[in-house]
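Each of the next two complexes has subunit A plus one more chain, namely subunit B in the first and subunit C in the second.
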Partner chain A sequence: MMITRTHLALLGLVALTLAAMALPFLLDGYWLRLATTIAMFAIVTCGLNVIVGFAGYHAFGNTVFFGCGAYALSIAMNAGWSFSASLPLALLAPMLLAGLLGWPLLRLKGHYFAIATVALNLAFAELVTQAGGFTGGANGIALPLSDLAPQIAYRRIYWMMVAVLAVCIAVTWWLSRHWLGTALRALKDNESGAEVMGIDTVSAKILAWMISAAMTGLAGGIWAYWITFIEPSSAFDPLIGVKAYIMMLIGGMGTIAGPLIGALLLELFGALIWAQFLDLHRLLLGCLIVATALALPGGIVPLVRRALRPARPAR
Partner chain B sequence: MTLTQQNGQGFLSRLRSLGLAGLALFGLAGTAMGQDTIKIGAAVSLTGNLAREGVLLRDGYAFWQDALNAAGGLKVGDKTYKVEVVYYDDESRPQTSAQLTEKLISQDKVNFIFGPYSSGIALATASISERYKVVTIAPMATADNLFARGFKYLFTNSPLSGMTAIPLIDVLDTVSPKPQTVAIVGMDDLFPNIFVEALKKRAEDKGFKVVYVGKYPKGAADLSAVVTALKAANPDVVMTSGFVQDSILLIRQMHELRFEPKLVGSAFVLNVPEVRSVLGPQAEGLVGVLYWDPSMTFTGPLVSSSADYAKAFREKFGRDPNHTSASATAAGIVLQQAVQNAGSLDNEAVRDALRNLKMETFFGPVQFDQRGANVLGPSLVIQVKNGTPVIVYPKGAAATADITYPRAAAR
Partner chain C sequence: MITQTIVNGLLLGGLFGIASIGFSIVWGVMGVINLAHTAFITVGAYIAFSLFSTFGIDPLLSIPISIIALFILGYGIQTLIINRATQTNLLLSFVVTFGIDLIIINVVILLFTTDFFSVRPSYSGASFEIGGVVIPVVRVIVFALAFLLGLGCYLLLNRTRLGQAIMATALDRDIVRTMGVNPRRIYAIAAGLGAALAGAAGNLAAIIYPVSPFIGLKFIGAAFVVTVLGGIGSVEGCIIAGLLYGLIQALSASVFGVETQEISAFLIFILILLLRPQGLFGKRFFGEH
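Moving on to the complex of A and B:
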């Protein structure tokens, strides 16, 4: 049997995942938490990449699925469900939401869609606040605490995040080769053209958003279990989406490795700054973002790809 | 034999022992360097929407650190330590605060933790310090539900928010003619909600008729609908529970819509001097509650009186302390006493010492219940008279005046 590029890519992903899984044995609590945050943001960015990078629909308010997943898990766990029974809900609830709302919202184009998703996020935060009762309203919702030792509890959460991230990267990779990915890229370039070619653009877009929502929601669910207390302002924090957006831009929009690279760079840089500058860290982070946007408009992955190209023509 | 065994252990476990060796090295270096210093970690909000309060909190911790070190440090057993508070900025976000709490515990190897500003953030960080079994004193996290979670290493030296609502209702019993009806409104958020519930319960227990209970959303730009509803209920007394901006807006709109109840109370807002200057004559006669005032007459170790504290604080930071900074300084004093009583830096021993502690600080008496809440924490009712807040209730804890009721209508 021939070893194809597909096999190599899969092998690479498996090796990388295993290496990442071994990290907790080398890291102390803080770095482990940072690594978990990186994996979490990489998942959220992967989700964003599917709808923005592939389909070209700028879902600024994708945080709504993060909050939705977090709340689905927290409500189920407070109703006495176990964590493993509740986690699928953090995937299904956001997916369902994206499926239902995608139908009307994905008919909007350009800025209108972007603004509609932002409004959706705000509306959901408000809805959860007003619902009270089982959502805890503005008081937030506390999750049952396990009495595991910190090393064990936080390792498990890290492993879950890494596993989900690996699946998300595999899904993105699969998407890049699947008809759905091709359809999305076609409609990103020219939607009416894609329609003329016989692509069911509405279904393709909705499917993409559902995949995006499932990824984002899972990250939200594990996050809620990790942080043990959520409230509308933290679960539907628009900054989560904004950060993921920056990570996607740094890494490279529409690429497979971009989300991970972006999350890694931004979070690591943020952590280093925090440790050094008590008062200036936000200013420095802002400067970095502006500088990246100016110097690397396409992101790092395309840049590396271009840099590597001259080595190949010999083939 | 040993060689084959090692080979059989595989890559992962070798990585693990490598990591553990590294960690052990770090740990050794940490203890070797920190031999005569007790480190206390504090992730507080220096940026974001709680930055103002966060800075006051940090100053209070810093005051304690410097005062204790100037007095020679902390004697534990037969060894004397300096204390050092390690600060980080949590950006007013629970996620960041959690990360920094982890950093304080596992990298900076702090011995104890001082809590953040606000119960919402403390709910996220307390579960981490609890897992690591690190004693946390959180003077400004007082939501009752935080202390209902069964944490064993979390303490607050301030009274719980449910308790602080009580004197604000009890003071109504001291005036004549006694008010009959009370209306309560608050912002829809964790702390105000608890305060509103406690006000309502106490008012009903004391035989007042609660004619209206309302909420308004966070960040509301117009509260005239709330004021109209209040006006329709026509209560003798209105009690509000919110934060600075919304409370200013509410009081202004009440005035604009010519709604002048006999007394208006506003939770903790009057502590902030700017509120009084912004409201001007409309602040006259307002009542509020606070944990601490420079005229309080309690006394204790390190800081002998509240008047001294206010003076020293002003000299050090160039501005007046408020109850946030005072509670932070008192948190340090409480920790210092518990460590001395325990005679050890062991967290379990200090936790037990805190549970058995009974003392007085300049901030008030301290005794913790099983939840870690200070059951003796005092709260005072103040009223703005001629532009300055004066303590009107309870009698005895501080120099007090009589409450003016009904208040003169603002012009």
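Moving on to the complex of A and C:
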């Protein structure tokens, strides 16, 4: 059998996943927590990359799906469902939400779509706060604790995050080769042009947002189980979506490895630099956001790709 | 009772209008959605508070100071950061201005902590009554000043050469170059103007609301809804939409309770976007850069 680039890429992904899976045996609690956070943000960024990087729809309020996944899982678990039975809900509920909202919202273009998702995120946070009842309202929800020893439970959560991340990267990679990915790229460049070419742009966009929501929601669900207490201000924190956006910019929009690289760099940087200055944490994050947008609007992956490409002979 | 609600809503609506004009101008002229706008409002409120508490300057007299200070801040940020960041992609402005918002708010927290302060001039408790409707004097003053500032801004944009240059740049940034207008300078001036109006709004808000780093957040929903309802980049639209927004907020608060105010705001917002994206007074595609 011929070994193609496809096989190599798959092999690389499997090897990387296995290596990441072995990490908990080497890391102590602090670094394991950091590694889990990196994997979580990489998933959220992967989800954002599908709708922003591929389809060109700048969803600044994608946190709404993170919160939706977290709440779906928490409500189900408090109703007596097991974790494994509730986790699919963290995928399905945001997907359904994206499908329902995508139909009206994805008709908006550019700024209008971006700002509508911001409003959606804020409205949902408010809605859950006011709803009370089974959502716990402003008081939040505590999740049933796992029977496992904390150390083992944390390891499992990390493995879950890594597994989901590997699937997300595989899905992004598949998408980049599939007709849907091509359709999305076409509509990103020129939507009416893509329509003329016979692409069903409405379905393609909605499908992309649903995939994006499913990824983001899963991360939110596992996150809720991990921290065992959620409230509207933490689950729907707009900063989650904005951080993911920055990670996508750092890594490279529309690339496959970009989200992972961006999440790794930003979180590691955060842990090393601003853990020293707790009061200044958000201030430094703001500076970093501005600096990234000014200095690296294209991202690292395209930069590296350009550097690796052999120089063209002069003509 | 219902008259009282309507009067309260309209009086606050003036403030909502003035708090949104700057946001609307910046969006209309350069297509930048400035998420740091509410941080500018916060800075204006703290300027009023600092001058009042240290020098005893009346918050109404500090308005010009807030306007000048914020104009400089807005102009500087636009020249140093936003003009550069939006060169590649206009939508980067979302991220950049969010970052600027984080920086400004956290500097405010470093300087003033997260405590609540109040600005209480001698006339703050006074009110009068017309036909059973109680009208606080401060709110009338705030309303009148907001209206005057809005009028001034309208005249500046529509009756002066500078205003014409700003409007022309909004329509076509390439053609204005041939007429001797430097679009980047116009952008900086428009951003300064937007920030200055936000500063004035913050200064006025400090008289009504407690001053905290989150005072600007009260206006984020208003800025979105009023801008889109009034038509992006339209000053007169902003003022009328501001009054309408204040009215809707007051009525929905009295019918459904204060907690649902934000939800109703965002619902209105999404509905306008879907049904009439050009707003009440805007022209279609005007804000689609």
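Keep in mind that, in the parts below, the second predicted complex is superposed on the first by the 295 of 315 C-alpha atoms of A that agree within 3 Å, B and C clash if a C-alpha of one lies under 4 Å from a C-alpha of the other, contacts with A are read in each partner's own complex, and residues count from 1 in each chain.
Operating definition for what follows: a residue touches a chain if its C-beta (ideal position, glycine included) is under 8 Å from a C-beta of that chain, and two chains touch if they have at least 3 such contacts.
All values derive from a computational prediction rather than experimental measurement.
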Partner chain(s) touched by A:Ala153 [first = subunit B, second = subunit C, both, neither]: first
Which superposed partner A:Arg33 touches (first subunit B, second subunit C, both, neither): first
Partner chain(s) touched by A:Ala22 [first = subunit B, second = subunit C, both, neither]: first
Touched partner set for A:Lys188, first subunit B, second subunit C, both or neither: neither
First (subunit B), second (subunit C), both or neither touched by A:Ile227: first
Partner chain in contact with A:Arg282 - subunit B first, subunit C second, else both or neither: both
Overlap of the subunit B and subunit C footprints on subunit A, listed as residue numbers: 126, 129, 279, 282
Subunit A partner contacts - residues on subunit C that touch it in the complex: 27, 31, 33, 81, 84-85, 88-92, 94-96, 98-103, 105-107, 110, 220-221, 224, 259-260, 262-263, 266-267, 269-270, 273-274, 277, 287-289
Of subunit B, residues touching subunit A in the complex: 11-12, 15-16, 18-20, 22-23, 26, 46-47, 87-89, 91, 93-95, 98-100, 102-103, 105-107, 120, 123-124, 127-128, 130-132, 145, 149-150, 188-190, 193-194, 217-218
In the complex with subunit B, residue positions of subunit A that touch it: 22, 25-30, 33-34, 37, 126, 129, 137-140, 142, 145, 148-150, 153, 227-229, 231, 233-234, 237, 274-275, 278-279, 281-282
Touching residues on subunit A, where the partner in the complex is subunit C: 58, 60, 104-105, 107-112, 114-116, 118-120, 122-123, 126-127, 129-130, 242, 245-246, 249, 279-280, 282-283, 285-290, 293-294, 297-298
